[in-house]
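Once you've had a glance at the structure underneath, I'll fire off some questions.
Naming follows writing order (A, B, C and D), and every chain is counted from residue 1.
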Amino acid sequence: MTASTTTNDPLSVEEIRSDFPSLTVPMHGKPLVYLDSAATTLKPRPVLETIQEFYGHRYGTVRRAVYGLSEQATAAFERTRKTVTRFINAPTSRSIVFTKGTTESINLVASSWGKTHLRPGDEVLISAMEHHANIVPWQLACEATGAQLRILPMNSSGELLTEELDTLLNKRTRLVAVTGLSNALGTINPIQEICSRAHAQGSLVLIDAAQMAGHMAIDVQALDCDFLAFSGHKVFGPCGVGVLYGKPEILETMPPYQSGGDMIREVTFEKTTFADIPVRFEAGTPAIVEVIGLGSALEYIHSIGFEQIGAHEKDLLRYGTDLLEQIPKLRLIGTAAHKSSILAFILEDVHAHDIGTILDQAGIAIRAGHHCAQPTMKFFGVAATSRASLSIYNSREDLDALALAIDEVITLFRS
Amino acid sequence: MSFDLYQQVILDHNRKPRNCGALEGHTHTCHGHNPLCGDDYTVYLKVTNEQIEQVTFEGNGCAISKASASMMTQSLQGKNIDQAQALFEEFHQMVLGNLDAESTETQLGKLKIFQGVRAFPSRVKCASLSWHAMHTALTQKEDEVSTE
Amino acid sequence: MTASTTTNDPLSVEEIRSDFPSLTVPMHGKPLVYLDSAATTLKPRPVLETIQEFYGHRYGTVRRAVYGLSEQATAAFERTRKTVTRFINAPTSRSIVFTKGTTESINLVASSWGKTHLRPGDEVLISAMEHHANIVPWQLACEATGAQLRILPMNSSGELLTEELDTLLNKRTRLVAVTGLSNALGTINPIQEICSRAHAQGSLVLIDAAQMAGHMAIDVQALDCDFLAFSGHKVFGPCGVGVLYGKPEILETMPPYQSGGDMIREVTFEKTTFADIPVRFEAGTPAIVEVIGLGSALEYIHSIGFEQIGAHEKDLLRYGTDLLEQIPKLRLIGTAAHKSSILAFILEDVHAHDIGTILDQAGIAIRAGHHCAQPTMKFFGVAATSRASLSIYNSREDLDALALAIDEVITLFRS
Amino acid sequence: MSFDLYQQVILDHNRKPRNCGALEGHTHTCHGHNPLCGDDYTVYLKVTNEQIEQVTFEGNGCAISKASASMMTQSLQGKNIDQAQALFEEFHQMVLGNLDAESTETQLGKLKIFQGVRAFPSRVKCASLSWHAMHTALTQKEDEVSTE
């Protein structure tokens, strides 16, 4: 550990790094510098062990069987529901629906809630910096119901123009769907303010917490949001599992989304009655071990604590911003005053994909592209950006390596 | 840090693309677009009696796609349609990794420099975008091609 | 290995069993006798190793990134699509959509195909022995479109009355959705005949292969079925992943199901265009490692071969049937001439749940309940059955243990 | 193979359920159903001046649910409504594992035999189904209760 990682850094990066076996695997013969955690995070040992233990030694189906393996799996599965409940301070575990990811969580709301609650002339308000997962489902729900999609604009730093809420929020607004943390820009949005202003107009609020969930504490009761969605694979958990939080009294008004086993009360060929929430929304055999692994992941986050995580990532962000700002011809995309863990940029005369490929050869994994946020790219007038996104296991050395490699790209392209 | 893919020839074509600009009086054209990375090119051809008289391209994208478009225009000059389509096939198979341009007799010439791209699956489409556009323009199936 | 396992048994059960670490973990102090493979199968070592290797050392996102980890993950992910293509002899890997399971696969078709192709007066034909996953989505699709749900009846052995197809299949029939192998009864249905007769009337056919896929070879081109669905977790693979096969020319006519990242071509706030099949149906970050693990599972099946599997399970079924038929007051539910791997039964005067609990104490995991097939239970006039379902790792000893334990239950309840 | 849960008392009540059948002139009734396993019971009570005069049940299900219903009818005989509700609470907490009937002073008496059910989470609902029906009947919120 060199001096640079310890300054102002309350979290032992070396210790954290030792929890992630992926970081020990060289990439193109170089030590891996993983800077794509906004796409998906690496997995810590406790999560790997849970997955292995459950698939290998304690595997059984959930909910329906009376034998020990299944009762234990069911208990572990429902324990994760309680862990999630605590993780976001939900009022009850009945408000926690397991899905396959943020995308499915939002689709569930857009379909089940949207198609029963939206009417022609109603409005759905999203922000200008949403991920496609929080745009397209609303476009389709609006198309299906005759509602209108409205866009809350942002400024050139990537900050939402909340003053526009005065006119955009009105009696026709049924739902505001907004990201807590932009995956393309790093902006932390004022979701508390948005929630209270939307509620004042009688509108519900859905928070896309896909990025937030791994970086900052969430308290759905303090926020008073109506829905909140996140993915397991972005919070150090397995793929194929996600969470939808919904206020129980709202979930109760919603028809099933998918149908099949488990979500029913009684089936006859003439008529089917559906189970209570949250199971009503969990048709079919769930991602049993992945849900249990998500529990481990959230406990792992808890064991570090968001205060530590926040301080560490703040330090990294400041350090990285300083480094990149010194690079001539580099322009940061996303410079909000409130920002977290994401450094997106463009280099004059060098396309993001070329940067991505060249950095990869240096063992540095960054993301190059539109980050599933094409309207955001369009707003900034770029086809793609390069994005380094940070997590608990990143160090200042990772950012040093990034800056050095960018310098070399510039040299290569100038030559 | 320089390696196989970003050779000087490619960097040079990226900086100073040849035959760049719209072509008045073209007989064939096709717009090629890769929404994934934003690569966006239009290829123009002037063909008389099956003979390609002139090829230009217009657009923007990464160094690989731009150098590829630029070098394509050079290598098509003076070829006839069948030769152009055959060259497309060779180029395409080379970047997909199905044809070893080092050990096989081909018409690829300088284009062999793009062989390195086969080690980068996500970049194969960059190298082949303008070629797909050219191929489609000559086949005249549509005037829009998209690779993802 | 005792004599009883080798007779007529071309497959080395001991060898297979040694691939499944779960079988070495005692249950209530007894060796585990796992007889609930129809609910979910245990996982063999190659699958466990793939999962561990990918989560631990080769983890990266798929499809969108230009760096090595992601390119390798993408290649492995797409390799599974090819493995699935071969596994069911699909014409092209474009016809393979990854879902989270059979339930989602069927919901996808019921929603995307159903809601765009069904009209008032149209008919959807399902069989009397379907799993809820192949009933409820069609009830809801019919409700939404004004189509009618028809039921192909069965006889008291649990065999479909295919002669009824003469009247049930008609010009209004748009789709026949039928299970290849009943999870409640073990019946193997004449799906080849159903496909050709349905096609002769211009109807499409969906095969629920959730049970079939782990027990018998599937050739979608020989069958000529239009859709086919199965789950990873029932074929020795991970949870949270499933497959939908669709004829490419039909998939191409279908609108997206869920929407978000990956499944789009281009997004603007005004208009979104969608990607080609199969990606159009794969919104959001997929279950990356689970898909790759499914590839391992199918290769594992392939390495044993369905001929061996079929012979082994046929032997077990015959052996188990003989044993159970000797037990007084035991009635087998599901006695079709064509049957596979499932022994469902009721005991006079002893409820299935009591049997399940008592057998569990003997280390024997069977399923007690309605098996998500309430209409089937109703047809047989029972509230629940006990079900022992077999797989490659079961031995004759497992069935000996089952029969012995049932005898003891009878003694206990008689006393 | 006999163990904690399936004791002779329970097997005996299962075989010969007490107070089984509809109750003419009942003042309270509730139908309880667990679709998961098919357990299906109706509980009838005749209550005069807050005093339970008679309790019967009707229905079918597993041994645990039937013995529980049968023993419930016996233990409610002669209790008043408050006592019955208090007993429901104790029974419910015991089978959930929240109350240790061995070490705590309770009114459960013979019903302690159901304590073993807490080790079988999937069977807790079998033991408590008729109790829920009774509780609901007395609270008169609805005449249908379902446990899954």
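Points to keep in mind about this one:
Everything below uses one rule, namely that a residue touches a chain if its C-beta (ideal position, glycine included) is under 8 Å from a C-beta of that chain, and two chains touch if they have at least 3 such contacts.
Note that this is a predicted model, so its numbers are computed, not measured.
Taking A-D and A-B together, the chain pair joined by more C-beta contacts is A-B. Once the centre of each chain is set as its mean CA position, chain A and chain D turn out to be 47 Å apart.
Separating the CA-averaged centres of chain A and chain C is a span of 32 Å.
The centroid of the Cα atoms in chain B and the matching centroid in chain D are 79 Å apart. In whole angstrom, the spacing between the mean C-alpha positions of chain A and chain B is 38. Looking at chain A, one finds that residues 64-66, 70, 264, 266, 353, 357, 368-369, 374 touch two or more other chains. The residues of chain B that reach two or more other chains are 35-36, 120, 122-123, listed in rising order. In this structure, the chains touch in the following pairs: A-B, A-C, A-D, B-C, C-D.
Contacts from chain D toward chain C in the complex involve residues 1-3, 5-6, 8, 11, 14-15, 35-40, 60-64, 120, 122-123, 126.
Residues 35-36, 120-123, 146, 148 of chain D are the ones touching chain A in the complex. Across the complex, chain D is touched by residues 350-354, 357-358, 361-362, 368-370, 374, 377, 382-384, 405, 408-409, 412-413, 415 of chain C. Across the complex, chain C is touched by residues 21-22, 25, 27-28, 32, 34, 36, 39-40, 42-43, 47-48, 51-52, 55-61, 64-70, 100-104, 106-107, 131-137, 139-140, 149, 151, 231, 233, 238-241, 256, 258-262, 264, 266-269, 272, 283-290, 353, 356-357, 359-360, 364-369, 372, 374-375, 378 of chain A.
Interface of chain A with chain D (complex): residues 64-66, 70-71, 74-75, 264-266, 275-276, 279.
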